[in-house]
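Before anything else, here is the set of structures, which you'll find just below.
Look at the two complexes coming up: chain A is in both, with chain B in one and chain C in the other.
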Partner chain A sequence: MADNFDKTRAIDKAEAEQKARQFLTFTVDHEEYGVDIMTVREIKGWTETTRLPNAPEFMRGVMNLRGLIIPIFDMRTRLHLGMTEATAKHVVIILAVGERNIGILVDAVSDILDVSADQIKPAPTVDTQVDAGFISGLISLESRMVVLLAVEHLFDMQHIEKAIAEAA
Partner chain B sequence: MLNFMTEAKEDKAALATMHSALGYVEYDLTGHIIGMNQVYLDAMGYRLEEVLGKHQSILIDPVYAASAEYKRSLERQLKGDIVTSEGKRIGKNGKEVWFQVVYAPVFDANKKLKKIAAYLCIAGQIAAIQKSQAVIEFNMEGAVLNANPNFLNALGYTLDEIMGKHHSMFVDPAYRASIEYSEFWAKLNRGEYQAAEYKRIGKGGKEVWIQASYNPILDLSGKPFKVVKYATDTTKQKMQNADHAAQIAAIGKAQAVISFNMDGTVIDANPNFLNALGYTLEEIRGKHHSLFVDPAYRNSVDYKQFWENLNRGEYQAAEYKRIGKGGKEVWIQASYNPIMDLNGKPFKVVKYATDVTQMVVTRIENEMGMNEAVKVLTGVAAGNLTEKMTLDYKGTFADIKKAVNATVDRLYDMVKNIIVAAQSVNSAASEIASGSTDLSQRTEEQASSLEETAASMEEITGTVKQNSSNAANANELSGKANQVASDGGKVVEDAVSAMGSIEKSSQKISDIIGVIDEIAFQTNLLALNAAVEAARAGDAGKGFAVVASEVRSLAGRSASASKEIKTLINESAQQVRTGATLVNQAGDTLKNIVSSVKQVSTIVSEIARASQEQANGIDEINTAITQMDEVTQQNAALVEENTAAAQSMVEQAQSLERLMSFFTLNEQEEGMVAHSNIVAMDAGRKPVASARSAVKSASSVGNKPKPTASHHAAAAHASAKAVPKENANYDKEWKEF
Partner chain C sequence: MTDLDQFRQTYITECLELLDEMEERLLALNVDAPDNEELNAIFRCAHSIKGGSGAFGFDFITNFTHALEALLDSLREGKVLPTREVVDVLLKATDIVAQMVDAASDGGRPQDNFGAEIKALLEKFANGADAPCVPVAAEPIEASEGERQWRIDFTPHQTLFSTGNEPLLILRELGRLGAMEVSAVTSRVPPIDGLDATACFIGWSLRLRTAAPLSAIREAFEFVEDYCDLKIIDTQAAGSPSPPHWGERGWGEGGCGESKQTFNFPPHPAPLPPRGGRGSPNDLGGTKNLPKKGESSVAEVQAARVGQTTSIRVDLEKVDRLVNMVGELVITEAMLHAQTRGFAVEKFAGLLRGIDELAQHTRELQEAVMSVRMQPVKSVFARMPRIVRDIAEQLGKNIRLEMEGENTEVDKTVIEQLADPLTHMIRNSCDHGIEMPEERGDRGKPAQGVIVLSAYHRGGRIMIEVRDDGAGIDRARVLAKAREKGLVPAEVAPSDEEIDNIVFMAGFSTAEQVTNVSGRGVGMDVVKRNIESLGGTVRVTNEPGRGSVFTVSLPLTLAILDGMIVRVGAEHYIIPITNILETLRPKADEVRHVEGHSDVINVRGEFVSVIYLHRTFNIQDAERDPSKALVVLVESNRHKIGLVVDELIGQQQVVIKSLEANADPVKGVSGATILGDGRVSLILEVNELDQIGEGKSENLSRELAA
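Our next item is the complex of A and B:
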């Protein structure tokens, strides 16, 4: 992590300010994924959620975050990798998607990556577990690959809204 | 005695005799004395002149004279009754004399009472008669009225026993039933006096001979009213006469008796004589004595001399040879006794003879037999048992021959039996001696075994004591082990407890690390949030982002460290758990050890107790062995005595055989006896002396067993050498038969 931190510091500051973007990376089932840090509202440990009826399978329920009802989605389920056995060590990342905040349940938060634009590669068509529509790009580091997710495409928000409304 | 008064026909001499024996007085009807004889005067001390014309009462006791009885007596006399009385008369100067008196009336021709005559028998005489003679009085029926002590003594009765009984109790039952006896009493009843020698039966059947007179006492009418019997016991004399007669008869029965006139002709001969010589009395009566003698002797001077001697009254006695009828030789032992007449001249010869023919014949045979018997018995005395009496004998010597020969035979058998028995005894004694030796050896072996047993017992005692001691030590050690194991258990428990504490501490540490990890996690999240915020802050947030990054780095290191610690703690906890398990196992093992040690301790205690019991048992065994040892020693002593006795017996038996060799038996018997002797000696050849040596070693019980085998061998050898020598001696002795 320190090495990553050092490397990111080595990037030219000026250029970086123009072109560099920061990504919050996290792991689900040993795969590393990243989201733009600017969409991140908050990172917190797992707490039990309130389950909603008739909700999609990947939706773990809703959470009251300082008065806001926030739906929580299980990334593992959404990635068709089964259901996460959530513990206090699991992490919920609160993201702003459009006008709405959602929480995604991940195994752990890995790093904050400072990445220049040229480092971001377009997503290949068929070599990840995720639908190509969800992937905004790939970051290839020395020994690892970080999948950048397009969160706004990841969940059918209308349906979710409906579910939340019905629950309310 | 008074019956003579009634005998009017008695001659004058008798009357005179009576007057000389009895007192007589007569007086007239007025009682005045008109006559008195000299007997009475002498008894009373008067002279006739002094009493003639005096009243008879001067002679009467005044007391009696005044009595009614006297008056009654006088009245009866005057009435003409015969009155008898006994009473005191007073003589001159008051002399008192007792008389028995009979007053008899004397009548004149007209049968008118003329005077009274009194005969007096001085009572002293009667008393004398009473003292010297047996007197008894009967009534006419024969019943006893009275009897004096002499009579009672002679027949052995008391007066009470015979008073009132009939006279027939004194006579022989045969005589009692006879006519003679009836006649006897009939005569007495007729008043007839009887005197003779009578046989009477005393008390208990005793025969008594008496010279007695039965005197009927008549009353005045001449009728007897009682019988007085005076008797003298002549039994002794009678018996003597009978004895003499019997003796003479006996001589006649036993001896040949013949009587001759002085000229030698036969007067008489008894059957013995006749039988001895085979003649009848008729054949020899009147014949001369020379008929019975050898013709040669008959003509000899000796025979003539023989008769001349007899005629001189000389007694002749010797053993004579006489010739019986048909020339039969008869030997007699005879005495010729000349019988003298009153003038001392022989008038006949009585010869008493005993036929000694048999005796003489026997005597000859006796001499022969005696000689042979002497010969045989001398042989026997010299030990020769082969001689016997062989001649023929009659009479006693046939018996003697039989007896002597039987004696020799019996002695022969006896000697033979004794020899055989002595040999048997010798043989048996040898076997006993041999048995004693065996017994001695066995006793020795027993003693040795006992000693070994005692030694073994000593070892066992040592072992048992060691065992007991070891058991005690083991007991102590097991106690200690028990203690150590118990202590170990406690330590294990402490260890387990410590492990538990460690586990708890590890858990706490683990918890703390969890907290640290949590904090690290939260810190990381906070740092991320800070980084997010910094990123949103743009350039303004860049410094902050650096700090957040540092914080994340620290949180990451903290989380990493806590992870390592957690790993280490887990490992430690794991190891502690393993340790606890091991310690628990050690605890279980220790518990098992304690349990085992307790069992060991129990077993050891039992071993100790058993050892003690063993020790006690061994003590008892030792006592028993001591007793056995004593008994064995006693046995040994007895065996020694036994052996000595057996040896002595062998010697005695041999000595007996030597003694018996004195007797001579015939050849065949000798062979048989000699053979059995050799057999007996073979039995005796066994070593006898070794018994003694064996006993000596046996008696040393308790010492180390000595090697006695060689000792034995030596003894056996010695005795084996000794016995054959003895045996040789015997063989030599036996050859002498």
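Our next item is the complex of A and C:
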């Protein structure tokens, strides 16, 4: 029984991986980015955050999500594109990263993409940016290019510090 | 169900938690670069398990964890490196302890030799490589019940070495089974010119006293069976303590005559008990009736469960969720209240009345939920008399424990965290505080020492005092010991108070020998850490020769905090009220800049260093001049600092939320809370701010005063 169940589940999983993955895409500075939809917990409008002292620049502070304290990161700053002048029209995407919940501040949510595994191209190896390690792949559709983000690496300070150290 | 059974149950739960923690830490331990803090933490887990096991008479756990602790101690001191093998053994040891605890929770005890292998390994690693490989008993070995005397004649063939076998390892293996005497039989050794260095000419005669079965002994010889002549004789069964051929093989040679004398065993009257019937070799007295006791207690517990309906056990997590949700409800209510403030009463009479009622109900609900978590400290205090009694007995001291204020209520979380440090403090007072009866007599004190354990509320905190009328802290001895251990550099001359506080330093212990009670230099260190992690303080007042008082101050609850909301620039922060001494606006000439230090202000003749929050936290648009802003005087780690803020907004009770659940910890911030408007506000950790700020006001005051 259990065996069968596991098998079916494994097959299902493999098939699902073959078939399609879903990505939530959003825009920052007219560029389109995507995150695995399974990591997305909720999408909400921007509200003022409380700044954390001596936090990195891309850390916009923390906000109250129904009693939980959630750190909010500015995607624009993280991508070295300046700081978002956040308004109520800006969007915060709450993501589950490992054990933690974090929010990322983006310009707008644009789409949900169904992509098969072979449509995902590996991230370019020639990196002009210091820490391109957070790009997990690229999807090119007819006229669009979507950069897939590895959320777990995006705001991992150790990872960032290492990248900076390597570049130096 | 007696009280003791209840505490036994609590102890078992705690043990399992500690074991989990140990396992987790062991697994996370970096074998290449072990973190000393981690090793300390692991050690403390083992220490706590051992401590409790003694109190509840689980001698088998005490015995085993003692070995575990010894190895951890060696690790801590760097005598042994935490290699993979060592960590593996430690992990196996935690499994063994877990199974022992399991057995204990059912009121039983594990089999006699349960875990003996692992224990032997622990001891082997703890002793390191330089320990004597074969214990040679100097004293006559006395046989205990459940053990047998074996005589083993081990005569390897000359080719033994060529098979890659090492007789030493076999002897060591046997040594772990019990007490052993070893003699080398050298009669086969040829004259020097005929000696082949690669051949084995030496044989061994062993006398082994062990509870292990024959198969265990045979196992030691497993790999050499084909390369030796082996005789294993049960000397007791044979009824001949000294078989005739004993001397034939040159037993008398090489100083073995002496050990012959040690073999005068009294004839053993009792037949061998069945397996699993008795205690371990080290401990036989008084454990015989334990299993029975355990059984009856289980029955009692079950009987009590049926009868008891007035209270239920609830998972703390559930209560926490409730508290969280009530907190949110209070915020929502406040929001509604604010929204409807401008509403005309005539028009919305019903709505406004409803909102008023809602406000009342939520407040009551909040209080009720909070009170669910409050419990009298009695549940922890009640464990102490037993502990004192046991220790007093063990040490041969006469100690009376008096308790005051057992009904003082405190949050459940605090109660749970209190047990460990309190036990250590009581043990410490018994062991180091109270003198031996004769000594007390010499000093003109009554033979019976008194320890007073008291609890009371003071200023929104619970104070717990452990007062003894013992010897107090011998400052000269403490200082000498601290210097010897390198805790205090030779050129520093600490004040009396500073010396008293040395007892809280990790790795300090004045006990002459490592006892079961205390003396590994972990107890008071644990106390301080545990208490501080709860937002409390512990201090000692010492009157040499007359006794000492350890005072612990703790917040009543860990979930709620009385805070002062302050503004710095555009940011709002919360300073715990318990930290605040006063608020003042210094005159311009009271602020002094000291080269190489932070600024100081003169508060009625006392110089206090100032921390500019806007500087520490890098905030723009804040008031920079303390004489135009406000200085909040706070107490941190026994000294005062002034925090420069722009404005006091007001006082409020806030629910403490973890910042670290989702974000990285921030230095100087202990947590966060959600204010009435739903926004997050940060709670300042004054002790850490002090470390971020450069100056140490103590030294500074001295310099300025001079």
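Following the convention adopted for this analysis, the second predicted complex is superposed on the first by the 132 of 168 C-alpha atoms of A that agree within 3 Å, B and C clash if a C-alpha of one lies under 4 Å from a C-alpha of the other, contacts with A are read in each partner's own complex, and residues count from 1 in each chain.
Assume contacts are C-beta pairs under 8 Å (C-beta built on N, C-alpha and C of every residue); 3 or more make two chains touch, one makes a residue touch a chain.
The shown structure was predicted, so the numbers you read here are calculated from the model rather than taken from an experiment.
K.L.:
With the two structures laid over each other on chain A, which partner does A:I102 touch: chain B (first), chain C (second), both, or neither?
P.N.:
Second partner only, chain C.
K.L.:
Which of the two partners, first being chain B and second being chain C, lies in contact with A:P53: first, second, both, or neither?
P.N.:
second
K.L.:
Counting only touches as set out at the top, which of chain B and chain C does A:M83 meet: first, second, both, neither?
P.N.:
Once the two structures are laid over each other on A, A:M83 reaches no partner at all.
K.L.:
With the two structures laid over each other on chain A, which partner does A:I37 touch: chain B (first), chain C (second), both, or neither?
P.N.:
first
K.L.:
So, A:A117: does it touch chain B (first), chain C (second), both, or neither?
P.N.:
Touch status of A:A117: no partner.
K.L.:
For A:M145 in the superposed arrangement: first (chain B), second (chain C), both or neither?
P.N.:
Neither partner.
K.L.:
Classify the contacts of A:G67 with the two partner chains as first (chain B alone), second (chain C alone), both, or neither.
P.N.:
Only chain C is touched by A:G67; chain B is not.
K.L.:
Which bits of chain B are touching chain A when the two form their complex?
P.N.:
Spelled out, the residues of chain B in touch with chain A are 518, 521-522, 524-525, 528-529, 531-532, 535-536, 539, 545, 549, 552-553, 556.
K.L.:
Spell out the part of chain A that touches chain B in their complex, as residue ranges.
P.N.:
Answer in residue numbers: 1-2, 5, 17, 22, 24, 37-38, 40-45, 88-89, 91, 109, 112.
K.L.:
So in the complex, which bits of chain A are touching chain C?
P.N.:
48-55, 61-64, 66-71, 100-102, 157
K.L.:
Which residues, counting only chain C, touch chain A once they are in their complex?
P.N.:
324-325, 327-328, 571-572, 616-619, 657-659, 661-664, 666-669, 672, 674, 678-682
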